[in-house]
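There are two complexes below, and they share subunit A, which is joined by subunit B in the first and by subunit C in the second.
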Partner chain A sequence: MLYEQELKTFVEGTTNFFEVAAQQPASIGSPYLMEGAPAVHEYTGVIKISGKREGVVYFTAPKAMLTVLLMKMQENDFSHETMRDLVGEVANTISGNARRDFGRDFVISVPSVLSGEKPEIPQRPGQRSFIIPINWRSHSAKLVVSLT
Partner chain B sequence: MSNGRMNGNGKRSFKLMIVDDSNLMRRRIERSQQFEELQLVGTAADGVEALELFRRTDPDVVTMDITMPHMDGIECIARLVAMKPAIRILVVSALADKATAVEAMERGANGFLNKPFTDRQLNEAIAELMR
Partner chain C sequence: MSLAGTERRRQLFTASIGTALMLVMGLALIWGFRLATHMRANIIALQTASTLQTYPEEISHQLNALRDRLEVRAYSGQALADLQATVKRFDQELRVLSGSVDADSPQLGHALLLWHQYAPVLEPVVSFGGQPYVDSDNAGSSLSREGREHYAEVKRAQLFASENARPLQTQLANLATSLERTSSAGATRLRSLLMGGVFAALVLAVVAAYFQLSRARHERAAREAQEQTRDILKTVREGFFLLDAHYRIGSVWSEALTRMFGRNDFAGLTFEELLEDLVPQSTLATAMKYIKLLWGDRAHENLMKSINPLGQLEITTDNGHGGKETRYLQFDFHRVMGPEGIKHVLCSVGDITSSVLLARELHDSQENANAQLDMMVGLMHVDPLQLVSFLDTAETGLKLVNTILKEPARTDAEFRKKLAGLFREMHTIKGEASALNLKSVAMRVHTLEDMVGDCKKKPELSGNDFLPMVLKLDELLAHLRNVREMAARVTALKDTSAGSAATAAADFAASAHAPLAPAPITAMAPAPAAPAAPPAPAAALTAPAAAAPPARSANQERPARRVEELSPALQSMAERLAQDHAKRFRLTLNGLAEVPAPYTATIKDCLIQMLRNAAVHGIEPPEVRRAQAKKDTGNVQVDFRRTAEGYELLFEDDGAGIAPEALKAAAVRRQLITEEDAELMDTRAAMALIFRPGFSTQEDITMDAGRGVGMDVVARSVYALGGKIGVSTHPGKFTRFKIVLPATDSLSTAVA
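Moving on, here comes the complex of A and B:
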């Protein structure tokens, strides 16, 4: 069972990044349950969680959104490595927020970054995953929370 | 601050080292800091690189990430302070929990800035560091 406060912490970690780094807030869409294969875009930042809860939380975004986000951050390098760095930083922020709010009940890994069309997300079979759309300008990314 | 240097114009100057495992964040800090008296002497992607760079360039001011491969920021802070007690270190990290900030300060950091940050927040934190 995922508690509302837990979900809020992950969502705020994500939207905070847009609000501060790009000076333009993101909005969230209605959460829904994931069905089938993991929903991913080109770049994905993943944190693994253990302790009181087990599972993963990941932020996945299309290249077009990350490109505009980098522009808003006054960045001139739009290379693959920079895109990876950027989703890693978003995941870092989510992780930092979770550590602050959940304390030692949650053991949170250092974020890892995946890219490509079908990255392997470390998920348990049968685990329920919530997808929260993260909308920013004309783009949409996803925050996926998959915890038991 | 005791370890600033006098430049040719009689003004104080400080050597700056940026330590972060993200290229993006290193560039961001370099680009966003607006102090004429800060001279960037190099950037490092982890604690081990930072110690090597320190030995070569003797920086006065450091921005330090915490979560990095090979050697994290907490250990690196302790080693830098052991080598140069007057060094000024600003932790720039996404780790928002108090325990991390307290540990960094206990090891010798002088300030803490959460990621993500605005240009203004970064410059205020660096100004505080150089006071």
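Moving on, here comes the complex of A and C:
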């Protein structure tokens, strides 16, 4: 059973990224549960976790949101690769936060980036996930925590 | 025997031997120096004596030569001068010899005696200074008168010499021989002494070498011991250090401390400084008191162990990744005694985090096992069909909760809008769980309700406030799955031989192995419409169906079970409620077999809620009833019947009734109405308050009352079916609820 602090660590990792990178904090929407793999946006940064918990945590964002984020970061390059890098960066921040808070109890993989609307995200069948909407400006992304 | 004592004695022994040998060597050297000095004087004396022994014969020859010169009237000046020089030299050297040689020497004494006789005889000869000759032309040179006297003195001296020169020479030779013997003896002594000195030096060297080797061996052993100690301190998993009388840590500690405390500057650190950033101030103060007590001789060590406040200390340290982690340390203290009492306190620290966590897991697991056992025993008494019905209802309800959560929200108002819906869904599930005595489910839903209640009190809501809720929801869903699996097992066990129940067991087994939700959660029923404003007080008693907000659509999805099947559960719920609230009442259920299938879920929810209300608010405690001339045991009567217009449910208790003023006061306290509103409110309007969301006359929230949700749910369910609800009461006598529902053939029109 996931603990509140564990969930908060992933959420803070995500919202902190927006605050630092875009100087504009993100807020979280109403969290809910979902059985099976939720729909993802165009770009998804995934970290795999093992040890005390097993599963994946991923941040999935639409292209429009990432474009505005890049603009806020004074970036002029809006290529596919830059979008991927940006989502990877968010996943990396989540991973760093988790390492900081969980220490050796969690073994956290190097983030990987998936793009497209139906990427292969390794998830156990029937696994319930926590979906936390990440709202930034008028856009909304999702943080999905799927751990046992 | 202590290592330090042995070493001290070894050093003392080495110093004594060294001093003794140095003393011997010093004495030998001083003695040798004196011997050498003496020998040198002897050798000089020997040389002098050897030279002097030739002088008497030389003096005799020179006297003879002088006499011959005087006889032949030859020049005698040179011969006299030679004699004078020899006599003078002999006299001087003899004086020197007599000064350097032991005065007791007989040879020297005899020689000096002879010389003292000889010297006066020679004196006139050597002191002659006149002209021995006189020259005349006729006689040539002849002896002058002085010459003649001089010649006579020479002759007398010559005569004395002829008699005494040899004895004098002999004495001087003897003296030389004696001196030679003395020198030889001195040389022998000096040689012996030197040999002794060399031997002593050798002995000293051997002793020094022995002790050096011994010391080297000892130092090597000490070094090895130090290395071993260092290795032990480096490898041991426990932290060790010594505390002095000022509670300061000594210079030696085990490396495990670095891992435990994330620092390595322990030397000189006080125990207080070690813990001050890691534990609360109160714990630190207790720990310091304990350490001070340890330094008192009076407290017995075993007693001290038993009151050790640091037996399991929770600390927060850096986790090495910039974060914090909680660890559990066990401190143990032992006094180190010296000759003058307590010298140090040895502190050992063990990291018992794994053990503590394991113990907790074991405890949780044990509790879980006990809870499962209790649940299993509880499930044995629950009708399988009712349980399946409840689990389906609960899961549907929780899906609805999840659907409410899933509704996008960004503002406080949007988040707040969810709370009322969440309350209603959860309250219904809790009510049914309580009715079936499924305490584990009811408790979890109650906790979830508490979370929603906490959110309600917050001035500004955000998604963060809903995180605990969604976690609890996940846990609750998992728990329901467990209950379903366990119920399947219980049913299978219970009905292995009963053919009639085999179907139910198969039902459960199928349900347990099927996915938790018949459809994915994404396919949950849509969220209910935003809670509408509460019904107007005046209209609440007879609100028409059209005025009611839509209840959850899940009502229509529930399996249609007969309400009368719930009778045993309601009876057992009544018993539990009576026990929990120290009340006594009898529940009478009539006509529940008449409840048509479309109304079963609503009637069930209403009965559960009204029963809870009657038990908590209606029926008085026995002593109160007695004081009011009532029977100790109260009555709760339920009557369901068909009417010309449809159906009617009467729910009546002979309890305290409802005081409108108490309702108004409670509504003011809960800020549902202002005091001015309360003043203007008539009795009907006051009675209608009980159906308002969030209204309750009870201040404390319990499992059965206090949230102000129950009657709101009842009213909404009734309105949703196009029915109406009314309440009549007489304070101190009774409370009666009347629910009127339309005929079922008109239901589809009403809810459409």
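The working rule: the second predicted complex is superposed on the first by the 145 of 148 C-alpha atoms of A that agree within 3 Å, B and C clash if a C-alpha of one lies under 4 Å from a C-alpha of the other, contacts with A are read in each partner's own complex, and residues count from 1 in each chain.
Here is the rule we use: a residue touches a chain if its C-beta (ideal position, glycine included) is under 8 Å from a C-beta of that chain, and two chains touch if they have at least 3 such contacts.
Just so you know, these numbers come straight off a predicted model, no measurement behind them.
Once chain A of one complex is fitted onto chain A of the other, the partner contacts of A:Leu7 are limited to subunit C, with no touch recorded for subunit B.
Of the two partner chains placed by the overlay, only subunit C lies in contact with A:Ser27; subunit B stays clear of it. Of the two partner chains placed by superposition, subunit B and subunit C are both touched by A:Arg99.
By the touch criterion stated above, A:Glu35 is placed in contact with subunit C alone, subunit B being left untouched. By the document's definition of touching, of the two partners only subunit C reaches A:Phe130; subunit B does not. In the superposition on chain A, contact of A:Leu147 is made with neither subunit B nor subunit C.
Counting the residues of subunit A touched by each of subunit B and subunit C gives the higher count for C. When the shared chain is aligned, no partner comes close enough to touch A:Met65: not subunit B, not subunit C. Shared contact residues on subunit A (touching subunit B in one structure, subunit C in the other): 99-100, 103. Taken in their complex, subunit A has these residues touching subunit B: 16-17, 20-21, 23, 70, 73-75, 77, 81-82, 85-86, 88-89, 92-93, 95-97, 99-100, 103, 110. Subunit A meets subunit C in the complex at residues 1-4, 7-8, 11, 27-36, 38, 99-104, 126, 128, 130-133, 135, 140.
Contact residues of subunit B toward subunit A in the complex are 22-25, 27-28, 31, 67, 93-98, 100, 114-118. On subunit C, the positions that touch subunit A within their shared complex are 319-325, 402, 405-410, 414-415, 418, 462-464, 466-471, 473-475, 477-478, 515-517, 520-522.
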